[in-house]
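Letters A, B and C mark the chains as written, and numbering starts fresh at 1 in each.
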């Protein structure tokens, strides 16, 4: 690897390095290796491979101002697949001139390149491969490290594996432009960084080539942050569904022989969903309360939270969104109630009953009030939750400053929790205190859900008391109790700051 | 164009070029042409014009660290309109010192600059003009090419026309920061690229000045990806609306003399919308099935799909979102049903009928079950569709890796299709087999809509059979049937990879 | 500040400056001050402080390829808190070698650094502090200026205060990557810009250090654009709620002794919300009409609008979104109506009444039609409004070109206004002309809301007349009436262009 590499790459993307030199000198320097049809100053990169990825890579590199040489075992056949500005030639010819060569082949074909060892010596090989889950599990060594072991005289850089051929072609839009990369050679990493930047992506340094396995695992991840919250929501749903089934369907069937199985698709689901939504919402705010309590007790924010609390804190967004999803489904199911036949038959039968009983006017003031307040609180709680959900969208969250984000997520979120609690309490009304609602000795479902939220609300109220609030704000400002430092643990305390806003 | 240009521009934005030189030398180099009030090292750019765009451009350039000279025919009058850091002077004076000059004028005034030909010789002129649709159609030559023809000694670069004066002023936020640009002179393109980057935008190279017409057409486009899907949705809506009108309104009127025209605003719309939503959703998944079938038959993924299939594949997002829109409107219309008078009168009349018939209890178990299942499936289908819609938002789509995106769009999307099919089937129940529902010999509407979705679901099931799925995954991994290569066609096969995930 | 600084920083991030120099020379240059464990070519930065921010900063700098030296009063204790790649040492040792030093301490501790004055001479100090609101109000001098006054031999750059420790750690995602910075020394600003860019953020030049107070106020702002619109919405809500309360609850109570207080939670809210939504929507389009009228009268677009109109134009997005929020809540409340007891009792009592009156069939054709049209228009208006709301999302707004954005916001928005007007008119039907609806002589609420929207619609229709539309489009193209220029006022006329699209 000589100075020429930096010359080529550095020049093209940033016009740096040579700006204060007369143009003529550059032409002299470049004239040796350049292709006739490409402006002489375009830096040259090589590509080995002719699959989708190789072709998309070539197209993107060409449109980013690079001079691209593609190495193929059968140049004639593959030439038509590449953009016309790319030069397609035999592998041995292709690797000669460029210093950076993209290896866009499957792992099983890496060894077929061994014949090029001499020409490749000293070059930078960019491993862009993306193993499948099976391959990833089968091989203990990452593709990039395997490539490095085959070509000890080359420098291997792992990069671009998170980018799909499609993204390469359509160009990086707003959003995920990050290209994690790693290598044992900082120079090589920088050279490839330049190419990454020139293509409109943002290089992210992941360290040495030993991280390649981790980088290769990245595109294999499947919504990792959602797994635990989704399972939790599913577990809560199952529990409350069974509980409601026993109370609303099984008990009438066993005790009174009434078949209320028609309640399974809508009614039982609709009493289950709000329970799940409500418990999930309280679980969003519980870890913040626990973290504050821990900080108060420890007298410092510079001590790491237990792992479970850390993870919990990091999954609050997902818990909140699942809570919103359940609440929204609850609203939809509720709006469906008057569309079903049950409601219609009930109203008709009620009218018949009134007529038969010779009653001319039906009006129960308490029921009217209970339902009106219950519905109004429900709408307001859902409205507040949807504001929270909207501000969780990446593009909106990022347009807010820290204070605005925490105002919305923390203040509005707490308002939503209080509104939900009132919604639940109005729903319950006096039922918790009436024997007839303890079917099979099971308390009404809503009473079960009230526990956690009430703890959260009480704790938040407690922390507002001057004695606690003053101590908390001092701790969050960096103050430490005497002797608090002895348990000090390393890094990732940014969480401390994060929670201090919640 | 001399070294000085690169010196000026290169320095400012990247601090490159001179880093390894003592500062004193730069001061010497710059001292000749710099203005007194601007730090000597700020690169200088010129602007000709005093309209909105010129002023916003000046403001942005100044705040990006450039020294700006504005050329005006009446400097005294226009000076007040520009930021105070910009120097406003006569045109001839303004173009003297900078090497890059923005021409922010209407095409009809280009020729007024001809008197400056001598001063402009060798300079880079940036054409930022944005023709109206009429102008674009009237002139066969792009504004930039026209400018280049007027000043043959200058290099013209087309750029910034997609950026509004407003965006220039408020600064590029997250999102569309791309500035397509083109020129016949790579050096000039690079120099302007530097300015673009320094202003916080991202230059996109569109090739030679011959592309200027295309670049100028960009801001004229009006949601091109939505035209065909929107027309299709409109066509489907019209067809189903007329069909439902004939069956639900016209037939009762003609046969029984009943006026059911009150059904036009809500009821007929609400039976039409789910049909459109359902057919559109199936059309999202049909092209993927066709592509897979084509690949299976051809035995390779390296052959281009027919154009119609390509276009169809590229419009799936729009089709899906329109499907969601129709489904959401269907939900809203359904929730409105109990609010209307029709429902109220029906219930009252049903109660009266029961009383008159001396029936004390109304309950039809089958109807209850049908509606409960139907409603529950509808809510679940809409819920799943809304998850799909949310992950289509650019900022969310970009935070997902390829696997996550395809899991949501492909797996969840298919779940939504199956749920919709079950929703439709429960709606239909036994109606398809009862003569009374064949009004005017027309089959019930829902039977018409079932065709395409059932084909898609069956095909998807078929492709899961080992014989097909194994062959398909081999093809998508790059395997080719003997002789499949002979039909090979060039580039844009990234689609192949794209569809392989769907 | 010597050449070395530029050497260090310039090299690392852009690989510029030295590309055309043999590698060996760099090693020689760097060998003096580099740490053994870090590659010699990594540029070195210092950090003073050991709080959350200091640690997150260190982590981010290390992962961006910098060699980080942290100065602490107690290196042994704090070393464990920092990433292992960062060198933690005594303050005096830490500030010796790097040219750029981040001061990540509270303002009250700045003076504790005075002992380092000699070592710090000539260095760049980056003030990253983020005062609380109280501190910001207490001190008239910004933290950065205070720091500069303590160290007159240093150059102070204000930067990074808008970035939270959390964002530093998790890395800049899509969105708010902007880092406003200011300093009196352009060289220092550029050097820090390089660091900002290397960390994946985007530097935004805010001018001289006198702007530091403004920069420090940025993270303190709390949704400033929402304050006036939210207060306006609240004011309108209060007014219409009281008005509806008097008409719907108080009047029946006073005049007829009927207690309708149960209407407070849902019914009165639900007649109030659409009024607020409707008036807010019309206030989105009124300023555009006023601006056009003003331009027509003045005969030029080059004159500044009055301040109140400017502000109004800038708050249209917020007004529109609040209008959508109210409309959506109105829909939710409406869908809740059939769920309440009031509706059920009304239907039952209506059925009883019919039976007692011996009427066998209830059907009022006019009522049926009125409600069907009213509901359908409502759904369509809400659907259109939600399209507007969706295109207001930053990530979607930015994927549209100017023409598409203005098509959606202006054309669709006007359609929504017309649909809402028709929705209101069908709701009103003939009520405005019936004495019985003038309770306490107050006209029906809907008549009050119609005023502004009708003015807007009429004015828009008027501007379509050839005489006005031709003159307007000429003005917006830059034409001016004779003598219009005499009132010319400076900058921010980009608004003129903005409004010309609306």
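As a convention for this text, a contact is a pair of C-beta atoms (placed from the backbone, for glycine too) under 8 Å apart; a residue touches a chain by one contact, two chains touch by 3 or more.
For each chain, UniProt lists the protein as follows: A, B, C = STEAP3 metalloreductase.
Worth saying up front: this structure is predicted, and the values here are computed from it rather than measured.
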Chain copies touching (subunit B, subunit C) - same or different residues, decided at half shared: different
Copy-to-copy rotation (subunit A on subunit B, CA atoms, range 0 to 180, rounded to a multiple of 5 degrees) logged as 120
Subunit B and subunit C, separation of their C-alpha mean positions in angstrom: 23
Could you list the positions in subunit C whose residues touch two or more of the other chains? 14, 16-18, 21, 173-176, 335, 338, 347-348, 351, 355, 393-395, 398-399
With touch defined as at the start, can you tell me which subunit C residues reach subunit B in the complex? 3, 6-7, 9-11, 14, 16-18, 21, 173-178, 186-187, 190-191, 193-194, 202, 204-205, 207, 301-302, 331, 334-335, 337-338, 343, 347-348, 350-351, 354-355, 359-365, 367-373, 375-376, 378-379, 382-383, 393-404, 407, 477-478, 485, 488-494, 496-498
Which subunit B residues qualify as touching subunit C in the complex? 14-23, 39, 41-42, 51-53, 55-56, 59, 63-65, 77, 80-83, 106, 162, 164-166, 168-169, 171, 173-176, 200, 218-223, 262-267, 269, 325, 328-329, 332-333, 335-336, 338-342, 344-345, 347-349, 351-353, 355-356, 393-395, 398-399
